[in-house]
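In what follows, a single structure is set out as structure tokens and then discussed.
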């Protein structure tokens, strides 16, 4: 009597298979090793700063390498604010775009628009940075910030006088625009997965397009949330646009017109000189560690949400 | 009652169309501006834009981006095969031994790689490669680029291999083919279009990446070099640096370079579309 | 190699896929160089038996097999599947010639990887031989470099037959080979199968009793994972012992 399960571990399977597996194993070792090394390296470089400055590193703000005074609150908060603005912008714009592509268009026109969106999703972000500096920032200041300040200046968000176009708002808006294709394709993909039975049911009860969309989109809610979370993770890692538009100033306030910092902008600006000082490098690494963990957590959350929703829908 | 529903529907349509336009118009403006400003610069500089060195901040000539152009191609030539090879091995492992715990760990790891901020990759490679080598180099830059492009290459190559119909696997096995032979002689050739598409997408990613180069490339713009262990430059990095300077002539160079980058990306994208009907990212 | 004369022996085999029993206690002995037909209604487990013999069952996750399976004297469950499959050729229900290879290459690769032919001349000869045996040569001899998609369904299936034959297998498994083929081509394929008697052991799965009668030497009737009746073709058709067999032969199942 022989009992063999076909999905046993590879040791009992043909030696051809085993040899192939062993041949492929180094790849796995290299890749996983690389991730571990990245983590360990960043953590160990960051530990010096954390040991010296303790938790105050994360709740105070300063960048004074000469006197070795550091505080990362501004770049951390700036990253969160900028990413939040970006994610919100992307949500508003992408949702509409997804609806237009999925509900309003058919055939060749839809394919064309899809292709355009696909094209834009691969555009190098540095192009957005260049455009942002030369065109978007002044336009945002003149046509968005100044009017908002004039008419809605009593709201703390818009209370300060916008001087230059460089602020968390500008950075957030342009980053948001740059991630619209990504978020749109995520939402569209999920929207397409909703079984046609629901759509037919909506048609059957005589729902208007608005009502149909509301229902179908409601079914997609976890997927849309996942798309926003993933967009947030993307926005956090964005470097070139942030470095160009956020203003590079160690200040933050409730007013979104103020220039500020993001972690990646800080690193991009200060890492070059950091070697000259004692703790500057380590402080930057602790900032990098913070956004690394944050981005990973957000990504895994978003991906898990998405896959859970997908398996529920496809069942 | 019915009228209210119709009004809501009309308002909804109006809102959605307006916001969609808002979603697209900035990017379309961006592209038109690059074309307009870029053509302006290129017509001023002519073909020499591709072969000259960049100008000094106060010069009147626009010069060219030859070092960055060469650098971009060199870095791509090193990084693309590297990342593709690793991605293929990883994808094969994931497709052939899906139940094995090592495969699953590999899969999760590669998907996590996609979420690492690119500047962090730059810092890591700086520590691992630039410092031991004693300076910036094309090798360091290529390694950073390969790491960043890896999750993209892996995802799409995995998908390409996975969508080969199961029946061809069975036919291959029934003929007595070993697993490796089946992969090499049946799966990969059948999937070749989508694989080529994946490679093109990866290439576009590599050519457009900036942050990875900030601490690994060295920004060598005063001459042409093909040496892998010397500082190098790339087009996106040049655009980034020059966009942030206050000098108008540098801005011009940045626009010209942006147009070149856009054209390269466009050609890559069109080739991709010719090869594959639809590629999911 | 087995001296008793059985090409394939299944002894009290149970197969469980995803926890549900697909094959319950089957014992089959297939004599060498005969045409053995496995017949039964859909879902009775016929294809699973074929997959056991060629070890293609490995491709299904979550499978449990108990019992003993002997193929050409080798313990099928304990042998290296890649070695086993060299002796066993298979033709599938839906024709699956490799779309990226020419007609010539489709047949040639079978010969090459099994060491049947090693140089260009030998390959040419065996490709021609295989295509002639599969009754396809006349139709494709002028366009061996064309691709399979230019062939009709029936021609594609004959190409798959040629490909399997080019392996020079000792056992040929056929999984409802004419199920998706038009009647003219189906007859041709049946002719080819009959011509293989005495050269190769053929095990064919079908759900058509008529086809079984036309082609087979032995029949095993399977229902719901167990053998209902088994024996020579004449005996089964003229002297069916089971009520179910009678119903099946009349087409009432």
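A, B and C label the chains in the order they appear, each numbered from 1.
In this text, a contact is a pair of C-beta atoms (placed from the backbone, for glycine too) under 8 Å apart; a residue touches a chain by one contact, two chains touch by 3 or more.
Model, not experiment: these values are computed from the prediction.
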Where the centre means the average of the CA atoms, what chain is farthest from chain A?
C
Find the most central chain, measuring centrality by the gap between its CA centroid and the centroid of all protein CA atoms shown.
B
Distance from the CA centroid of chain A to that of chain B, rounded to the nearest Å?
17
Between chain B and chain C, what is the gap in Å from one C-alpha centre to the other?
49
Centre to centre, by mean C-alpha position, how many angstrom separate chain A and chain C?
55
Listed in rising order, chain A residues that touch 2 or more other chains are 7, 16
Touching two or more other chains in chain C are residues 61, 81-82
Of all the residues in chain B, which ones touch at least 2 other chains?
99, 178-179
Touching residues of chain C toward chain A in the complex: what are they?
57-58, 60-68, 75, 77-78, 80-82
Report the residues of chain A in contact with chain B in the complex, numbered from low to high.
7, 9-10, 16-17, 20-21, 24-25, 27-28, 30-32, 34-35, 37-38, 41-42, 45, 92-97, 99-100, 104, 115-116, 118-131, 133-136, 177, 180-182, 184-185, 189, 208-211, 213, 233, 236-237, 239-240, 243-244, 264, 267-268, 271-272, 284-285, 288, 291-292, 295-296, 298-300, 303
So in the complex, which bits of chain B are touching chain A?
5-6, 8-9, 12-13, 15-20, 22-24, 26-27, 29-30, 33-34, 86, 89-90, 92-93, 96-97, 99-100, 102-103, 105-106, 109-121, 123-124, 127-128, 147, 150, 178-180, 201, 204-205, 207-211, 214-215, 236, 239-240, 243-244, 251, 254-255, 258, 261-262, 265-266, 269, 273, 279-281
Residue set of chain B touching chain C in the complex reads 99, 165-179, 181, 185-186, 189-190, 192
Can you list the chain C residues touching chain B in their complex?
54, 56, 59, 61, 81-82, 85-86, 88-90, 92, 94, 96-100, 109-110, 113-114, 160, 163-164, 167, 173
